[in-house]
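Here is the structure we will look at, set down as structure tokens.
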Amino acid sequence: MAYFRIDYNSNALRRTTSFDMLIPNDPGADALESEREKPLYTLFLLHGYHAKAYNWVPDGLAQQYRFAIVIPTGENSFYLNGTATGTAYQTMVGEELVDYVRRTFGLATSPENTCIAGLSMGGFGALHTGLAYPDRFGKIGALSSALIIHEIAKMKPGTDNGMANYDYYVRQFGPLDQLEASDNNPETLVRKLKAAGKKIPDIYMACGTEDFLLSANREMHRFLQKEKVPHEYHEAPGNHNSAFWAEHIAYIVKWMFEKK
Amino acid sequence: MAYFRIDYNSNALRRTTSFDMLIPNDPGADALESEREKPLYTLFLLHGYHAKAYNWVPDGLAQQYRFAIVIPTGENSFYLNGTATGTAYQTMVGEELVDYVRRTFGLATSPENTCIAGLSMGGFGALHTGLAYPDRFGKIGALSSALIIHEIAKMKPGTDNGMANYDYYVRQFGPLDQLEASDNNPETLVRKLKAAGKKIPDIYMACGTEDFLLSANREMHRFLQKEKVPHEYHEAPGNHNSAFWAEHIAYIVKWMFEKK
Amino acid sequence: MAYFRIDYNSNALRRTTSFDMLIPNDPGADALESEREKPLYTLFLLHGYHAKAYNWVPDGLAQQYRFAIVIPTGENSFYLNGTATGTAYQTMVGEELVDYVRRTFGLATSPENTCIAGLSMGGFGALHTGLAYPDRFGKIGALSSALIIHEIAKMKPGTDNGMANYDYYVRQFGPLDQLEASDNNPETLVRKLKAAGKKIPDIYMACGTEDFLLSANREMHRFLQKEKVPHEYHEAPGNHNSAFWAEHIAYIVKWMFEKK
Amino acid sequence: MAYFRIDYNSNALRRTTSFDMLIPNDPGADALESEREKPLYTLFLLHGYHAKAYNWVPDGLAQQYRFAIVIPTGENSFYLNGTATGTAYQTMVGEELVDYVRRTFGLATSPENTCIAGLSMGGFGALHTGLAYPDRFGKIGALSSALIIHEIAKMKPGTDNGMANYDYYVRQFGPLDQLEASDNNPETLVRKLKAAGKKIPDIYMACGTEDFLLSANREMHRFLQKEKVPHEYHEAPGNHNSAFWAEHIAYIVKWMFEKK
């Protein structure tokens, strides 16, 4: 598997940003010619809070299903657009980076061959970014998603919810009292897509039953059911950790890329 | 020159952050034993707005004067502490990173052997961080410094000064109407150090005569003169570009590290 | 865990070479001060044939046992010294890199706190390098070791054993008809250490029962028994793959670093 | 300028190898759409002995002339194929890497849009590789080229010419008494191309008048003249150093890429 670390000028962030990329196009000497060709699919993979870009898809799957992996650096942005100059993380991932991958590699050219997945803050990001750009992403995988909209909407200035403080949430999510109605809320994006009769990307959610985010994930599941949005929803024994994510991303990529 | 790219967990930023480091301790086979020893000094080098960490000290100088170079990633933070969780860039550079370099490499152990320099936003950063931590940094080098405090203090909500918008400046600098009096203003730090009778790091400033930041640099020069803070101040033909910075960082490191 | 990628000038290889390093000295904000201190131990970790430097020690162990990991780039050298200029891989790892880590990080200062382990070609390398430098390495861990000395000693010019050709083996191992008696043979090093009454590093070997290298590992085990060199020797179900190595390196680091 | 560091599985070297790549396709927000498109050309850039892959083309030129830069890791191989398994550096650069760049990026698709240049050992490499693959490279730039064939052809076993020993030269160049007639000699490649009536890539050579390789470069110049191979040949004040290379690579890329 070829591994790329790429620094490019991001106009959305007004500075250089980095992303990692893995492409399964460097097989051994006795491989079929087809194994050297462009992969069939591209998966955008979003990391969690407090982390950096890294590949957590277990070895072998990208070769098996023939997909490239693009891993942006989201810092602690929840992959949203702030109002300040240089904080347009949603634009960076969903528009700028997809465009950059298209023109540089000829990949991620349509929702039929482009998917997005993430864990924790990245699970939120996959849902939100996928729903924000249904013309770019065909499928969404969301693990242990940090679906914290309803929790933080109630926060008061000067408080801290254990993960971060009020000022942090306002920076990432905008005014918290307007959050639930805003486009930063994946639910709002679902409602708007439905109202406009647009295709909603296929969604696969999973969460561990010991995970502190279980209720929030169940809440999103009920919302999607209420809105009659077909989706995969899975709970399994497990916690908010890499063992759970390694196991369930394997199910997700199979769901995304296996030929029926 | 040995080159290090280092990712570490930053508690100040609540995520992994990267820094580059260069240490001149890998000479050729026929070198003196002393060339393999720890360098005598450490220089913290701050990049500008819209950039990434990179080394712009011309080749050979680190070996000649025996200093290591530590290059943090400041994103577009102006190296200041925001109020939001995970935006403590001043703490990251001046405390956390210095401590990390000390315990990992045994370098940057005192202001006698530790200096800080930067260009543009990093020139502001070198001045501000050096003045914020005079017990850690003995000398400050500031090139084409983005001394924009007085300009942005007057900004109104909803406006944009061509580099960034009001929201961006508030995020980095705090409430703009309180900025000139706050500790985010290097002038405030100078006044406080003087009032407390504390040692102010030695300062060397330079700016090109064609640089759009010339007036702001002259203003700081006049301030330091008025406050009777001895410092080096140099203007020379040149603009806000790498040719100027490559030339003048060479003068700065000589001023910082040459044995008298 | 802090991650370092380091390029330094190698006089042994007459060019820049890279190594990775991981140091568990960047814990979270509420960690004990002791977790920020230097690790107690250093483990040199050697990769296999056809690979690159990468960390295959499972997460958490370095923090648990407080060891740093140093991962040199061995290319396909079997970590031996060739006769050609710039091919002194044994010297690079066992002398130059250990010295570099000592003077840069203050780690790997004695065999009491320095160990070496590897997989496949790196298992051979760990055995050979550890036995070549018993004054530097106190313990050796060798997984699925490519103990191919006796097999290749019989090779004729113009032949290929499926992994590489005769010319390759001569380049790495020297004249093959002299190989078994030479210092490139770990057995020779054992005999010499015994004859000189020198301490032999503690050895832990493991190999999967389905691994094509099983016989060669059994042969080394019998040799060590015959020479009355106490050592750990383990066979377990498994093949020449990362699942086996991830499991057994965990046993090895526990054996190396757990306080008795 | 976007910067890529890429690790891929090399069958020519039987292991992972790295290359750097720079593509000028990430301009600022107000750029023309054409600046985002694929570059028009690709330049393969070969480093010297004792070095690593790095970009020594001065800033701005790649954007000005719209070329990407591909920088392989040649170690100290002289970019030649050894006989041992995993030492096929000529194949790695001229076939495998060009093919990899083609299928991954859609670049370097014909000799009309692909050039090769290098300094010192890389100057030799550019000449040799370009002449070995005239169907892939249209132009060759060779600075301070290490045209050492005639010097080392006379070496005796057990000797060292100050740069490396006999064994090293045999490993890279093959039997030295057959070297001048072999395909490892760029002169042999020129003769063979002429005899076959094939197009020889355009050649531009430059060397500093203080450079220890001046005579060897003059010798190649006289050879090309005698063979009636039109080429650019330039001497200028300067030595075997980065100041010379930074200046003259700028002339070379202008000669290679400027529209007539």
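When the chains are written out, they are named A, B, C and D in that same order, and each has its own residue count from 1.
One rule holds for everything that comes next: contacts are C-beta pairs under 8 Å (C-beta built on N, C-alpha and C of every residue); 3 or more make two chains touch, one makes a residue touch a chain.
This structure is a prediction, so every number in the text was calculated from the model and none was measured.
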item	value
Chains contacting each of chain A and chain D, listed by label	none
Given chain C and chain D, the chains that contact each of them	none
Type of chain B:chain C copy interface by residue overlap (half), same or different	same
Rotation angle (°) superposing Cα atoms of chain A on chain B, nearest 5	180
Chain A-chain B separation of Cα centroids, rounded to whole Å	36
Rounded Å distance, chain B centre to chain D centre (Cα mean)	39
Multi-partner residues of chain C (at least 2 other chains)	7, 9
Arrangement of touching chains [line / ring / star / complete / other]	ring
Chain pairs that touch, as defined at the top of this document	A-B, A-D, B-C, C-D
Complex contact set, residues of chain A against chain D	1-11, 23, 25-29, 36-38, 100, 103-106
Complex interface listing, chain D residues touching chain C	7, 9, 13-16, 18, 49-52, 75-76, 82-87, 160, 163-165, 167-168, 170-171
